[in-house]
Amino acid sequence: MSLTLFAVLLPFVAAIFIPLLYKWLRSVHTGWFVFVIPLVLFGYFLTFIPDVMNGNYYYHSISWVPTLGMDFSVFIDGWGLLFALLITGIGFLVVLYSIYYLDKKREALHNFYVYLLLFMGAMLGVVLSDNILVLYVFWEITSLSSMLLISYWYKREASIEGAQKSTLITVFGGFTMLGGIALLSIITGTLSIQEMIAQADTAVNHPYFLAAMILILVGAFTKSAQFPFHIWLPDAMEAPTPVSAYLHSATMVKAGIYLVARFTPFFGGTAEWFWILSSFGLITLLYGSLSAVRQKDLKSILAFSTISQLGMIMSLLGIGSAALYFDVPNEIYTGAVLAAVFHLFNHATFKGSLFMAAGIVDHETGTRDIRKLGGLMTIMPATFTISVIGAASMAGLPPFNGFLSKEKFFMALTDVTEYSIFSIESAAIWFPIVGWIASIFTFLYCAIFVFRTFGGKFKPDNFSKHVHEAPIGMLISPIILVTIVVIVGIFPNIISPVLLEPAIASIMQGVPQDHPAFNVDIYHWHGWELELFMTIAVVVLGSLLYATMRKWENFSIYQRERDPVNGLYDYGLKGLVSSSKGVTKLQMTGRLKDYLSFISVFLILLVMYTMFKFDAFGLNLAGMSEITVYEAILVLFFIVSVLAIPFIQQRVAAVAVLGFVGFYIALFFVIFRAPDVAMTQLLVETVVVILFMLAFYHLPGLRKEKDKPTFAFPRVMISVAVGITVTAVALGANAYQQGHDLIPISNYQVENSADLAGGYNVVNVVLVDYRGLDTVLELLVLGIAALAVVTLVKLRMKEGEDL
Amino acid sequence: MSMKWKTNNLLFIHITRVTAFLILALSIYLFFAGHNNPGGGFIGGLMLATSILLLYLTFDRRKINKMLPMNYANWIGAGILISLLTGLIGTIVGKPYLTQFFDYFTLPFFGEFELTTAVLFDFGIYLGVGGSALIIILAIAEDT
Amino acid sequence: MGFQFLINILIMLLWASLQQSYHSSDLLIGFVIGAIAVYFLRGALNESYYMKKVWALVKLIGLFIKELVLANYDMVKIVLNPRLKKDVKPGIIAVPTTLKYDWEITVLSMLVTLTPGTLTMDYSLDARTLYIHSMHVDDRQKVIDDITNSFERAIREVGE
Amino acid sequence: MIEILISIFIIGGCLLSLIGSLGIIRLKDIYGRMHAATKSATLGVILIIIGTFITFMGRGTLLFSLFFTILFVFLTAPVAAMIISRSAHRIGVELWENTQFDELHDSYPEELKPERDNSKAEEISTR
Amino acid sequence: MELLMSISIGVLFMVGTYLLLSKSIIRVVMGLLLLSHGAHLLLLTMAGLKQGMPALVDRYDQAFTDPLPQALILTAIVISFGMTSFSLAIAYRTYKFHKTDNLDELRGSNDD
Amino acid sequence: MFELVMDIGLIILSISVGLCLIRALIGPTTSDRIVALDSFGLNLIGLICIIMIQQDSTAYVEVTMIIGILAFIGSVALAKFLERGVVIDRDSH
Amino acid sequence: MTNLVLLPLLIPVIMGAVLIFFSKNEKAQKIISGITMIALLIGSITLFIAVAVNGTLVMELGDWQPPYGIPLVIDRLAAFMLLVSAIVATSTLFFAFKTISPIRSRYFFYPFFFFLLTGINGSFMTGDLFNLFVFFEVMLISSYILMAHGSTNFQLRETFKYFVINLFASMLFLAGVAYIYAATGTLNFAHLGVRVAELGQDNILNVIAVLFIVVFGIKGGLFPLYFWLPRAYTGPPTAIAALFGGLLTKVGLYAIIRMFTVVFNHDPDFTHTVLLVMAAFTMILGVLGAVASYNYKSILAYHCISQYGYIMMGFSIFSPIAIAGAIYFIAHHSIVKTALFQFAGVTEKITGTSDLKKMGGVISSHPWLAWLFFITAMSLAGIPPLAGFFAKYPLVLGGLEEGNYIVVAVALFVGLLTLYSMIKIMKFVYWGKAKHDEERQKISVRKLLYSVAPLVILTVVIGFGAEPVLQFTTEIADEILDPTIYITSVLGE
């Protein structure tokens, strides 16, 4: 196994040892052991940079489940490497942060870190797997570990609910995606993403192409919290803050982005891909930013902010995909992709720091409610600084990295108006407008986040504990992140050739690498372009809104914190449960007669339908044996006696008539030359009659039966139909038999019974020799029944007496 | 039972004494006859049960239980085992399971007769069926 | 012991007749099986009986067959009689018997049942009174006398 | 010749059986029907069996075992008749209105004397 | 004859089903009994009726009726016997402990 | 001719059996039905005997014996249940 | 060599009969049972290997050449099923040792257990239709009594319904045997295959085919025939519920697979479409029952139904990959469902109830239990890389390949609902605040987990190590899709 493969598996392997380390070395915070792993991996992945920068990629594969085409293959190109570095880089920062955030005495650290490592490994697997099915495997593990982390404080109702919601939604997406994956494998005959991309030209004409696209996108959208699937993300904030910082802003939620970008070479260049991504992205962007403004909880603000930013990246990928429509792309089209990749990176840094800051506030004050917070600026200056930088970057203010990517974003949106493909003409104008409005609100919630927490008056009564600045250990990680925010903001081109260009190259595959469009050169000053005016307007209008906040914060729409889309989820879930109950109650009535009715009706319909469909009715009177007078009389009386049974109201009488019926049947067996059967029938019938009598000792008399009028007629109909069905098939089978002259296997048995088995009574020879197994088993059945009766009669236990 | 009928069952008892034995003999006969004539383990076994049942019908449980202190559950086990194990005879000589063997022998006085493993097999059935039928009847009857 | 022997013989005959062959071997096997059966169920037999008067038995059987035929003639008359209500006057009567042995009473009650117009329904607890349903009880005493004079006497002859 | 004899036996037996069944239908109470069942049906079946025996004798088979059927019938018919009629009487099955007297009823202990009512007959014993 | 038997079998299945749809436990058990009769007769009827002698091959030198279905029926009868015994036992035990033989009252609550 | 006689015999017995059945159905008491069942058994023996003649087969001799025994046992069990409410007594009565 | 075939049949039945004699000695019964079970497991493994290496083993019972006698036929499918059966049974038996009350052993609990196993194993092995009926009855009568064992009110009531419905099905089975014997004159599967091929599967033969769908559908818990199942599986002792949930109903499905590959394989457009529609409804209605229920065992029982739907779906898609998936699914589900029922039992021991709403916080007092459950539950929901995923994906892939979009959509949706109800259990039972008192929190269940932990490990192992299993099930699929293989190994060339 190559080292790279092991790198992906390392977190999983480590996870196995965590509980042991936790148990044996209680005095050391378990996080320290964990910390090493992402750190080492980060270092390891850094070593790939030179190679990848040069446009190479790393590929290694071992076979796992070849029957399904699953190879455990590691594929490292620019796009994957960017993610791997994010995962491990943010990873060790988060672990470091968590060491101070989670108390080693009170918290179940072994669980926490196992989940975290599970996630880390899975996430690496997602971004480094070339085999889409293996990617899917890791994809679901990320959902699962996310669930476990959200439910980490499993005694809290909200944690559990949040975990459930996030899992249901993301796994819904996952399962949908699985369908898409299957379609992809059918379309292309491979599970390797790179091999699929190689077939992109022909695949587009495949009838499954669009379906596969939509299914894959549903998976990506749920994971990346795109409207209307976004609702799980705010509820996921119940997880410990390190988790929110890591999974729910920096990494996992970007898995959808990763996937969309990864598949852009395959699906990109089509109108559907363009429209779906850009419109869902923009809606999410707008919706997220509008919603974030309403939130009163610091982490909720950040959650909606994340949703909004993810929407933004998604829309950029959509816009950028247009590049693939053309054989020769130009900068207009690739710019969006650059913006997407760049913002993805930036978002990880500033959002990570903001989450950590929010966590610190929560940790030190015991609350995240902005209505209670305020005036922390002086008490927690470091945290304040971190928050200001992070928020400013998020709001798109210079000189931070967020400003740069936001500018690129505006540029991409305005460029769309110049497109002339995908019948975009009339709609294009909405792109910049929506983006711009969303940015205003982004500015606004950033302001709320910072000033409501750190500005204003400090109200000590609101807090249950003494408030002070966080320990330095907790501050290190966010400080590192804001440092990156600042440095990249000032010197963006540090990362652009190293990380961004290779990533874009991966996404824009099929486009010549030396094309000028790939020259990623990020600069601050574009001149007085439209984008700059847009930014200025954002700041002005945003400030204005914040200033007038007192006026509009009493609007009811502002008061309503809970996302109305949740109503859909709640309604859906409630509806699911209640309709399940309804459906189940309808069929699982607990009444035997209902069950038998359903079964019988199904039997009748299915058999009769088949009879008609295959014209299987038949009646061959000529081939039948003759009917003598006395037989006719016997049969007539027999039928009468059978028909009479339901009408008999005395139980002993009913049994007597049953005895008649049984004896009649024995007589039929005689008439039809079956002496052994006749004897058995007689004996059994008599014993059964006696058994009835024995049981009657305990049973009540028969009552007159009164069916509900709604059941009386169906009951008769069902019974009659069952009878007719049996008879019709019997006659059909008989006619069929007459029509085909087959020699039954019993001929052999008759011919060889005396010579080969030494018996003249062929029936007995069949029983003890030809079909001896049947016979001993039938004895077994009878014996079991006998022991069963004994058990039923003698053993009586109470409910719950044992397990 | 609320009713306390005192009954003299003279006729019934006397007749049962005769018929029960006849049925028992018939049962044995039917068992042996089975291979060549109607009958066999099942029928014989059920007849066996019937003859004992008749005793129970005529007399009472206490009396018959004392007279025939049988553990019918063991009959079942034994019956099943006999039938199953007879089948193994074949495997010893390399034939498939449940292979039955037979041969004709001549003994002075008795004349020619047939020995067959099938009879042994059938005896298991006989025993098991008889035991089963009886245990069923008695279990329900005793539940008072 | 004789009673047991009788059963034994019966079983032997049954065996042989079932075999439809009456060679000595079959009879022997039948006898052995009978002996086994008797031994097996000996607990139910606690009385002894010595077969004595075969002739008396034959006479009894003759009487019985005669009565049986008469009974059926009687039955045909009753069943085919259009004026049932006028001609048939049934009743249940207590018939005391002077027979001593249980087996005698057994046989008596069987014969009563199979012969004209009468049917044994019950015994008194000491079994010395038979309750008989008769189809013709115009003369109660005549019914009783018929039974005591014909059957009881014939049975007693066999018994002594 | 032998066929005529057989035919007489068989048809006679059949007719007797029929008489028995007719009696079961026609007679007015269970006790009367019991007479019909035990007498006619018994002799009827015996005649048929004898006819059958002769038939097979003519064909070269001595079916002595048929006589065991006769034996069984002889032995059991009176017992069945007795037990059935006694049980009917004890649970209070009505007697035909023509019945002259019922000395059996008189012999019953007072507390057990059943009410004569067909509709209640079955319930009495099984409550 | 096969026609008559087929009809009889249909009647057995019909009445059997009708009884199965009853509320009364004991009628259900009777229904099962009738169904098993129907099934056994069907086995016999389907092999063809009255063609040849009983399959006792030492006595006659002629056609024999098909012995295989007879063996199957024999097996089936014994199995049915076991099942009927079981059904009676469970029927009366159910009645005894639930104090009702009305199957409509034996529905059980919806969430247990 | 002989065949015809047998056929007639069978028809008569079939009707006879039917009459028993009618009694079993109309009752009115269970005891009546038991009588009918008992008699039915006897008729059945007759039927089988004639069928034996017709089929020229002795295969059913044992069947007739068994019917004789079983009709008896069945009737007795039913009657005993009617009378005593139990089929098998616990103690001597 | 061929005598190996006898082991899965004779070991349980002979030892079951022997155990009858020891009904008064609990300890002896346990020792004998334990040894027997292990012998059976070893026997099944040996047989499995033998068949995997050498191909189909046939024993012509009574030395009668097929189709005149009854053959025991172990092809790869049967060997696989036998192995699964032995594994599941071993786990349940050892679970039973520790959970069932000693009084049960006096009432033939262990004999019934082994007889049930006899019926199940025999059904897998037999090459004869009527013999299959008889094995079914052995299995069913054992299941009836095991279901009612202990005779609580609930058990009696639900067993009665189960019993009646299944007996009804058995009668239809007999009717089917009668019809098919009339139409073809044979009962041997292979011979039936030959004759149906000769006759052409239309006319009455298709009618008989659908009749068997109904018959086996009832036993196999398919829509709309499964009504007996959910409550019947919640009443009996846990060990038994586990065995039922894991194994019993599979026999019905197995019978469908056998019947509709060897015999009725000529008109899949009709028969397999019927099955596919039934499968879809089975999946969805089963899982809805689970969604609606708040009883631990009942949820599991309803899931059984929906999982049977999956298995049938895989089979009725009738492509090699889908069938391979379906057979893998059988193994997966047997293992997982047996484990889940045992978890339900263990949890009940701790909390004293199986009502979800009365439980909570079990994870804090019994973390191992909760984690083992969690892994198993996720496997059930088809979360990779556990076995459930590898069971589900081939069905999805196969379904889409054959153009059965709707049923694939249903399958995926049902998977989601499965996850939902597994999380529901997690939520109500293991997470949340503890509702069981101090005393109960101290109950040690470690010993109970010994018998189930191997199953959990197995679901992980055959997940990660899916390849050999899938390879084998693919071989099975190829084998059963070519009925001539079966036919020639039974009847010769």
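For clarity, chains are labelled A, B, C, D, E, F and G in written order, and residue numbers in each chain start from 1.
Rule of thumb we're sticking to: a contact is a pair of C-beta atoms (placed from the backbone, for glycine too) under 8 Å apart; a residue touches a chain by one contact, two chains touch by 3 or more.
Which protein is which chain? UniProt says A = Multicomponent Na+:H+ antiporter subunit A; B = Multicomponent Na+:H+ antiporter subunit B; C = Multicomponent Na+:H+ antiporter subunit E; D = Multicomponent Na+:H+ antiporter subunit G; E = Multicomponent Na+:H+ antiporter subunit C; F = Multicomponent Na+:H+ antiporter subunit F; G = Multicomponent Na+:H+ antiporter subunit D.
Since the model is a prediction, treat every value here as computed from it, not as a measurement.
**Q** Treat touching chains as neighbours: how many steps, at the fewest, connect chain D to chain G?
**A** Minimum step count, chain D to chain G: 2.
**Q** Which chains sit in contact with both members of the pair chain C and chain G?
**A** Chains that touch both chain C and chain G, as defined above, are B.
**Q** Between D-F and B-G, flag the pair that has more C-beta pairs in contact.
**A** By number of C-beta pairs in contact, D-F is the larger.
**Q** With chain centres defined as C-alpha means, what is the inter-centre distance between chain A and chain G in Å?
**A** Centre-to-centre distance between chain A and chain G: 27 Å.
**Q** Counting in whole Å, what is the centre-to-centre distance of chain B and chain F, each centre being its mean C-alpha position?
**A** 24
**Q** Can you work out the whole-Å distance between the CA centroids of chain F and chain G?
**A** The computed centroid separation for chain F versus chain G comes out at 47 Å.
**Q** Give the residues of chain D that touch two or more other chains, as numbers and ranges in rising order.
**A** 20, 22, 34, 36, 42, 61, 63, 65, 68, 72, 75-79, 81-83, 85-86, 90, 122, 125-127
**Q** Return the residues of chain B touching two or more other chains; collapse runs of consecutive numbers into ranges.
**A** 3, 5-7, 11-12, 15, 18-19, 22, 26, 30, 33, 36-39, 42, 47, 50, 53, 59, 73, 76-77, 80, 84, 98, 100, 129, 132-133, 136-137, 139-142, 144
**Q** Show the residues in chain F shared as contacts by 2 or more other chains, in ascending order.
**A** In chain F, 13, 15, 17, 30, 34, 36, 55, 57-63, 65-66, 69-73, 76-77, 80-88 touch at least two other chains.
**Q** Would you mind writing out the residues of chain A in touch with chain G in their complex?
**A** 63-68, 133, 136-137, 140-141, 144, 147, 151, 154-155, 157, 160, 163-164, 167-168, 171-172, 175-176, 178-179, 182-183, 185-186, 208, 576-577, 579-581, 583-585, 587-588, 590, 592, 594-596, 598-599, 602-603, 606-607, 610-611, 613-616, 618, 726, 729-730, 732-734, 736-737, 740, 742-745, 748-749, 752, 769-774, 777-778, 780-781, 784-785, 787-788, 790-792, 794-803
**Q** Could you please specify the touching residues of chain G with respect to chain B in the complex?
**A** 2-3, 6, 10, 13-14, 17-18, 20-21, 23, 59-63, 108
**Q** Mind listing the chain F positions that touch chain E in their complex?
**A** Answer in residue numbers: 55, 57, 59.
**Q** Can you list the residues on chain E that touch chain B in the complex?
**A** It comes out as residues 54, 56, 58, 74, 78, 81-82, 85, 88-89, 92.
**Q** Using the touch rule from the top, collect the residues of chain F that touch chain B in their complex.
**A** Within the complex, chain F contacts chain B at residues 59-60, 62-63, 65-66, 69-70, 72-73, 76-77, 80, 83-93.
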